[in-house]
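Note that the chains are named A, B, C and D in the order they appear, and that numbering of residues resets to 1 at the start of each chain.
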Amino acid sequence: MAKIDALHPWRETPLGGAIQDAGNARQFKTGDWRSQERPKTDYEKCIKCGFCWVYCPDMAYTLRDDGFYEWNGDYCKGCGICARECPKEAIQMIAEEV
Amino acid sequence: MITNEPKDFKRFTPKTLPQEEIIVSGHRACQGCGEVLALRLVGKAIGTPMIVVSATGCMEIISSPYPQTAWAVPWLHVAFENAAAVASGVEAGLKTLMAKGRIPRRKIAVVAFAGDGGTADIGLQSLSGAMERGHDFVYVCLDNEAYMNTGIQRSSSTPYGAMTTTSPAGKVIGGQTTWKKNLAAIMAAHNIPYVATASPAYHLDLMNKAKKAAMIKGPAYLHVYSPCPTGWRHGTDLAIEVSRLVVETNIFPLYEVIDGKYVVRKNTKPKPVEEYLKIQRRFSHLTPEMIQTIQKRVDEEYEKLLKLEVATQGLEGREGPKEEAAKKD
Amino acid sequence: MIEVRFHGRGGQGAVTSTDLMAQAIIEEGRYAQAFPLFGPERRGAPVLAFMRAGEEPIRIRSKVYHPDVVVVLDPTLLPIVEVTSGLKPEGLLIINTHKTVEEVRNILGYSGRLALVDASRIAMEEMKVPITNTTMLGALIRATGLAQMASMDRPLEKRFGKIAERNKRAMQRAYGETVIEE
Amino acid sequence: MSVRKGMEVSIAVAEAVKLAKVDVIAAYPITPQTHIVEHLSELVADGELEAAFIPVESEHSALSAVVGAAAVGARSYTATASQGLALMHEIMFIASSLRLPMVMTVVNRALSAPINIWNDLSDIMAERDTGWIQLFAVNGQEAVDLTLQAFKIAEDPRVLLPVVVNLDGFILSHVIESVELPDQEAVDRFLPVFQPTLRLDPDRPVSMGAFGSPDVFMEVKKQVEEALIGSQEVVAEVWRDFEKAFGRSYQAVERYKTQGAETLLVTMGSISETAMTAVDGMREKGQKVGLIHIRLWRPFPFREFFQAIEGAKVLAVVDRALSPGGPGGPVGLEIKSALFDRRERPYVADFVTGLGGRDLTEEIFEEIATKAEQYARSGEAMRYEMIGVREE
């Protein structure tokens, strides 16, 4: 289990336990949760519809300048929604190398 | 077809979807979570500046493992049954501080997120109060049809027949014995300006409704279907598939109630409910009779909805259902 | 008293492993305790579960910090979780992997007692699912003698009913195919 | 120049909330708090108080809404009693741990069952461990003054904790008595506009109310505890400022004729005034009796308490709540524990009385003081006694 980082002494605990650094959960790489498979995009088939980006619960796709969508292994949990919803079957789930 | 959308409301199109996210990667939702996806799309549609109030539940737990937060917008969680009450205080506080010039006057979307348990059961009273008082905020019920954060216990929003850990598929009682509480109807009965149901598979429809809800002055209620692979026992890749099937089978019709007038997205050739039920193991124990009961009730509820549309819009002899269905979303 | 730590992922039945093992030990008239790392278990996320076994009633309620045995149900955890942390010097590490002893020792930089078995393959062949929780119990029993294989029958039947038989077969195969290296 | 007027104490408290220029009020009606929230509604409706009044559907939502308002930086207020306070119980702990300043008036009333709308302290005593600063008013003037002070204490950056001001239901809240309302300018100088430290602000997003795992929970709780203990200095400071501004002094533990007293009555709330009159009578008859009343209940003022009881041989504690099956009334319990490791300790006799609005007359206080002395002389250990209950 990834230890929660920044276990500070009580005096350094932020007021009321409020987390000041919005979005700092990005530090936690949920990509470690993949164990079986991960998606791979065949850009020949991709028509830039963006469904992979729209339907990803973990926002593991980012829009590239060329209009294609880039997969980010740091956060993808390997659920397979993108592969299933890609209208052109451009995304296949491939085995995670163990 | 009445379409009195707010004045400067422009519908999202596939090309005009905003990039901004209100929640970031690194949250701890399960693989393939439909609820965090629904939350993300609603937040993206409403956009900032926004202040979010969450009820206790999956979305609150997975997004705020102190000292980390997945929220990119200001966020407050107090307890399980008071998201609407806390949001009332946030809204009233902002309004007064702006009136007194203590903070800049601008439109800040106040959005409350809660699950079905936090909305239909423990939080119903504070929700009713906030709606009746007319606070200018959006309440979003992310309906994954059971208490998932505590381990898949039944709620009043669990569908008839579904197996949960407190409505088990027993030899004598086969799963949930009650029909799903109709929250959208309860909210519509509060005569608030806007109520809508939405499903992540119809993301443009969902996002347009969320945007409209935020733009309309006064309280708005969004009931968003939110698949949970862990709780519904289906593949982690099926969140969108079940979100589509639930609409195609008329189990979860998509509609709006704008100033009391129902606007229903027609579906005149619904798929049989079985197609939806069979891909989820929470329904694997259903007998043919139970499936028939569900089919019959689903058809009745859908007919009721169409009648409500006619009744509330008071329009006679408008376009028949066939022409309606032709218009694809 | 023996203390065991199980490493798995949410939804993979790590907790079931500890429960079944504890039940079997108790059926043999000895004492055992099984419990997960309490907290919200999320499908896919790395999780821990613990077990204690002994001749006398066990009166410890804290987590296991210095296990005698560590069982790793899922090889994909090795790069991201320090599975050997707190393991006693003379402790035993049991891993579901198709890799060889040398490869595992290099990856982990671990020179202690090691037991390996390709539980994923066995589970797929015997049960058609990549769930290795019962399969790995075969390896655990083989490597530690914590209980008799026969003592697993009733707990397995109670827990899995019709599909208990498949689980038993997978467990038997793991018992046979486990490679132990002092 | 402010002038003394005859006014119902509830109305006076509402006027104090107006003087404090509160931003948001959220309240649900409950006897005997209703006159406060009714008058506040009138002030808002007449435009005399620029504030949002949220007529919530329950006390649980009242405190929840106030937490929401405080979280966006609004000066926020609510008032309740008895069952309403009990319904807020869950949120009381959360408000303090979120370090959000707010002020609540509790018009003390008995907890059911049997349902009873009259006065005792059972409602607030059930909230002892919620992390709120707790103050007690003895008369109408104090109720006004403490309300203004409560906002200043709560909002002090060294404190940032919610504050509750207790005043007895009916026997104080519904009494017309002489009250001097300070003028607005003086209050504005004493209590400037609220400058929030923690605020939900889209330009600087923070997450409040996060999920605290075992690794971090105790650190957050330690911070709240230290803030609560540390708040005692700020309370004293605020009282000094108040005295400079308005000429009325306040102490954590107030004394009445304690010089040369061997027996001290220990009271809380408005019954202290009746007890003072009883002390006058006993002093005239030569009984060496005095009185202290605890104004600051949380954080418990140990130092001031020990100073106030110096020289006393017997403490006759008047508890207005019972801790069933426990070592007696909550106040007696706390005093015995505070004294436990003192070298010399006065004899402590704890009397639970006046529950559910039973009237406390001078005679009862004389009986309490006299009985306490008898117990002390007999050297017999006395856990507590419910005095005033009909035996026959």
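Quick note on the criterion: contacts are C-beta pairs under 8 Å (C-beta built on N, C-alpha and C of every residue); 3 or more make two chains touch, one makes a residue touch a chain.
Since we're looking at a predicted model, the values are computed, not measured.
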{"item": "Leading chain pair when contacts are tallied as C-beta pairs", "value": "B-D"}
{"item": "Nearest-to-centre chain - CA centroid comparison", "value": "B"}
{"item": "Computed distance of Cα centres, chain C from chain B, in Å", "value": "41"}
{"item": "Centre-to-centre distance between chain C and chain A (centres being mean Cα positions), rounded to whole Å", "value": "30"}
{"item": "Chain B-chain D separation of Cα centroids, rounded to whole Å", "value": "44"}
{"item": "Whole-Å gap separating chain A and chain D, where each centre is the average of the chain's CA atoms", "value": "52"}
{"item": "Interface hub residues of chain A, defined as touching at least two other chains", "value": "4, 8, 17, 19, 22, 30, 33, 77-78"}
{"item": "Shared-contact residues (touching 2 or more other chains) in chain B", "value": "28-32, 61, 64-67, 69, 71-74, 229, 236"}
{"item": "Residue numbers of chain D (touch at least two other chains)", "value": "98, 205-210, 212-213, 216, 220"}
{"item": "Residue numbers on chain D that touch chain A, as the complex places them", "value": "97-100, 160, 197-198, 205-210, 212-213, 215-216, 218-220, 222-223, 226"}
{"item": "Footprint of chain A on chain C - complex, ascending", "value": "9, 37, 42, 44-48, 74-77, 80-81, 97-98, 130"}
{"item": "Footprint of chain D on chain A - complex, ascending", "value": "3-4, 7-11, 13, 15-20, 22"}
{"item": "Residue ranges of chain A touching chain B (in the complex, touch as defined)", "value": "4-6, 8, 14, 17, 19, 21-30, 33, 49-50, 54-60, 63, 72, 74-75, 77-81, 83-85, 93"}
{"item": "Partner chain D, residues of chain B touching it in the complex", "value": "48-51, 53-54, 60-61, 64-67, 69, 71-79, 81-82, 84-97, 99-100, 102-103, 108, 125-126, 128-129, 132-133"}
